Amino acid sequence: MNPRVPIWLKWALGAAALIALPLVVRDRYFLHLLVTAGIFVLLASSWNLLAGYAGQLNLGHAAFYGIGAYTSAILATKLGITPWLGLFAGGFVSALFGLMLGVPSLRLSGPYLAITTIGFSEILRLVAMNWVQLTRGSLGLYGIPPFTPIRLGSWLEIQFRSEISCYYLLLVLVCASLVIFRRLIRSEFGLSLESLREDEIGAASIGVNISGYKLAVFTISAFFAGLAGAFFAHYQRLVSPDTLSLGETFTILTMTMLGGLGTLLGPVVGAVLLTFLSEGLRFLEDMVKLDVRMIIYGVLLIVTILFMRGGIVGLLNSLRGTGRAKD
Amino acid sequence: MKLLRTENLTRYFGGLCAVNDVDFELVSGEIVGLIGPNGAGKTTLINLLSGVFPPSSGNIIFQDDDISRLKAHQVNSLGIARTFQVVRVFKKLTVLDNVLAAAVDRRRLGPWSLVAQAILGRSWSQAARDHDEADRLLEFVGLASYSDELAENLPYALSKRLEIARALATSPTLLLLDEPSSGLNPSELNDQIEIVRKINRQGVTILIIEHVMKVIMDISQRLIVLHYGKKIAEGSPREVYQDPEVVEAYLGGETHVEYR
Amino acid sequence: MESLFLQQTVNGIIVGSVYSLIAIGLTMVFGVMKISNFAHGDYSMLGAYVAVFMLGVFPGWLGWVGSMLAAAAGVGVIGLLSERLLFRPLLDRWTDIDIIMVSVGLFLLLENLAQLLFGATPRMIKDPFGGTTLNLVLVSTSVLRLFCLAFSCVAIALLQIFLTRTRLGVAIRATSQNRFAALLMGVDTTMVYALTFSVGVALAGIGGVLYGTLFAVFPTMGAMPTLKAFAVTIMGGMGSIRGAIFGGFILGIAETLGGNYISMDYKNAIGFVIIILVLLVRPRGLFGRKEGA
């Protein structure tokens, strides 16, 4: 830690940079990337809470994302519910499904749980594809209304039709979520989750209600993924069954592992890095006329696990000589 | 005051009877040793008492409550803590965190209470109190200087002490120790005995499984002997030592089936 | 119709035999090394491509049979490499998450590499018997399918002989039952791991040839056999070869009958449903070992 630069200053500078960024770089595509990265930060962080801190291997996380997206989209398009409510509805409905998926986790672990979560995700994707009346099947839902404008006084109205305003909205959501994650992780709740991850029997012997904690963490993790999905629905204004695909989950996974599983900033680093990396790869793909992105994800995943188990954040922490990769 | 008693406590694993109709009592404040040849069902008994699995039949009464079918975390909330034969500390957590995790008042605060507490913020005084409690316990077992060390980096003997500190952090009335001195060398053994005595002096009742005769004879006020799941003797160390059935169980007789 | 039921049952048996073959590899690797390989089906996919190319050079039934051997050998070598480079380094600091993630990474890698190298268009393995069908009393099936069944059974039988009659095979079984005891008895567990993994995926490779023959060959075809193999091993009990054999046939029959009498669209979902049901009711499967308390 550089003693000459106090922590608060670093945070202030970072915040200022994030706020100023879209004003400086006005490229709409760049902003779109930032928004995409932000959504993945939410997804990766929520997955990290479940897998990194509680040790529950969930390979169906995209399902929560999709449920949140579809919930808010359907509420808005079919019932005319304002997206601002839809945002939280998406989170809560997703949380309910999280609770549902938590039940098998009480009896299963490791590969058995992993496969069950895949099954859960795939079944939901099939439902999204086939329940045409509700979801319009593979065509997906389009024409989803954007966030309704906020009125400040009689002269200022903030619209949410452009990338820039959505970016700021997402920034608020992501920051709030990260604050909540940080509090959860650094609290006795987080400690209880970690004890569950380390040794269930040992944790039970010190009074940790294993079932209760598992259900709680699944619910919370799903809530934030659903929130991200609902935001996405009103940003992209188009939702398709692809949001529930395994590919989406594997992307989230790779981001979290690369950034650092079980650390607070790991998912953030991983999400941002991989979002921009895949953009760079797109250029490469156009040049070389080959689809290499997923191959690189695969390689990254393998290399990270073999050589950089703590991810980038873990690597940085060990270089700095910290015992635990917490921040 | 009778702290714990079991009535016809039995546990089957498939066709194998690991604990067979065991009746015994624990009086508040005593140190009782649980001995018997390998595979006699001692650890199974501890598992039953601590709620790891339920009995096949019979009852466990703790302070007038029937705890026979309670789950492990519920049993702990009522005041029974335990250690494990093969140490099960939280490897990737620090020594301090291991104890802090146990110090949480889980009788009052379930998962969602802790979630609310985490998001809304906890009082500084409570956090400080828990921290002090954890520090005190680490001091008590002599691990204070290892506070920030990862539990997996501890040498074996110290990790056994960590498990004890962790169990104590749950404020138990009854502590079940499963072979706390296995794997320890003679000097570590003496330290361990001292710690157990200290704990008992603070008012915690102790049931200790031990193989090392020196330890068990030294420490226990009373012994219970299991063999093939049945209680075959009970009494003072002297009495038990001279009981012919006990002698035969340990030294003579046919080869017995290995459980684990 | 009576004969339709029998017909579909026969089809189910044929498909089931291939499932068994592929699943055996998965269950072996899990039983010996405690690895759940989510990329297992991709080895089948590679085997299928070996057949595609082999048959390009040596068409006809000779090429077809030869491709099974080539697939076994080729995929076996790739298996050796994967084990040595990816899984063995993890074995000492093994956690579920690590191993599963690595296999997910491998899955992404193999699938997309195949897409890159072979293109996404599905290939068909031409029937080396020219589509001849056989009409038995109540059922009719193609000669090709019968040979698929035959080769699956032969491969499984050969495996059983290997596991029971050879020293290496016994070493594998011993390690699967009790690693430490095997080590103490002088078994070279490192070599056993390498062998088990290679044999396991080689079987998947052969199964892939048959699977590709029955269906089609395309880069993302690996996901289905992986899922089916997991369904079979969970049903039969992770680690149990007998279970994999039983489970494979049961799944095959359940799928074809279910697909016929219930719904074609959800045929592939039957595997998932079985997984969830088994895990809820009897997690260790038919022949699985109970996890230690």
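For reference, chains read A, B and C in written order, and residue numbers begin at 1 within each chain.
Rule of thumb we're sticking to: contacts are C-beta pairs under 8 Å (C-beta built on N, C-alpha and C of every residue); 3 or more make two chains touch, one makes a residue touch a chain.
Please read all numbers here as calculations on a predicted model, not as lab measurements.
Chemist: Taking each chain's centre as the mean of its CA atoms, which one is farthest from the centre of chain A?
Modeler: Between chain A and every other chain, the largest centroid distance is to B.
Chemist: What is the identifier of the chain with the smallest separation between its Cα mean and the overall Cα mean?
Modeler: Ranked by how close its C-alpha centre lies to the overall one, first comes A.
Chemist: From the C-alpha centre of chain B to that of chain C, how far is it in Å?
Modeler: 46
Chemist: Using mean CA coordinates as chain centres, what's the gap between chain A and chain C in Å?
Modeler: About 34 Å separates the centre of chain A from that of chain C.
Chemist: Express in whole angstrom the distance between the two chain centres, defined as the mean CA positions of chain A and chain B.
Modeler: Distance between chain centres, rounded to whole Å: 42 Å.
Chemist: Mind pulling the chain B residues that touch 2 or more other chains?
Modeler: 52, in rising order.
Chemist: Using the touch definition up top, name the residues of chain B that touch chain A in the complex.
Modeler: 50-52, 71-73, 76-77, 81-82, 84, 88-94, 97, 100-102, 104, 106-107, 109-112, 114-115, 117-119, 121-122, 130, 148-150, 166-167, 169-170
Chemist: Enumerate the contact residues on chain C facing chain A in the complex.
Modeler: Residue list for chain C touching chain A: 30, 36, 38, 86, 89-90, 93, 96-98, 100-102, 104-113, 115-116, 227, 230, 234, 238, 265-266, 269, 272, 275-276, 279-280, 283.
Chemist: Show which residues of chain A lie in contact with chain B when the two form their complex.
Modeler: Residues 180, 183-184, 186-192, 194-195, 198-199, 201-210, 212-213, 215-216, 220, 323-324.
Chemist: Write out the stretch or stretches of chain A touching chain C in their complex.
Modeler: On the chain A side, the touching residues are 51, 55, 57, 59, 104, 107-112, 114-116, 118-119, 122-123, 126, 130, 250, 253-254, 257, 261, 290-292, 294-295, 297-302, 305-306, 309.
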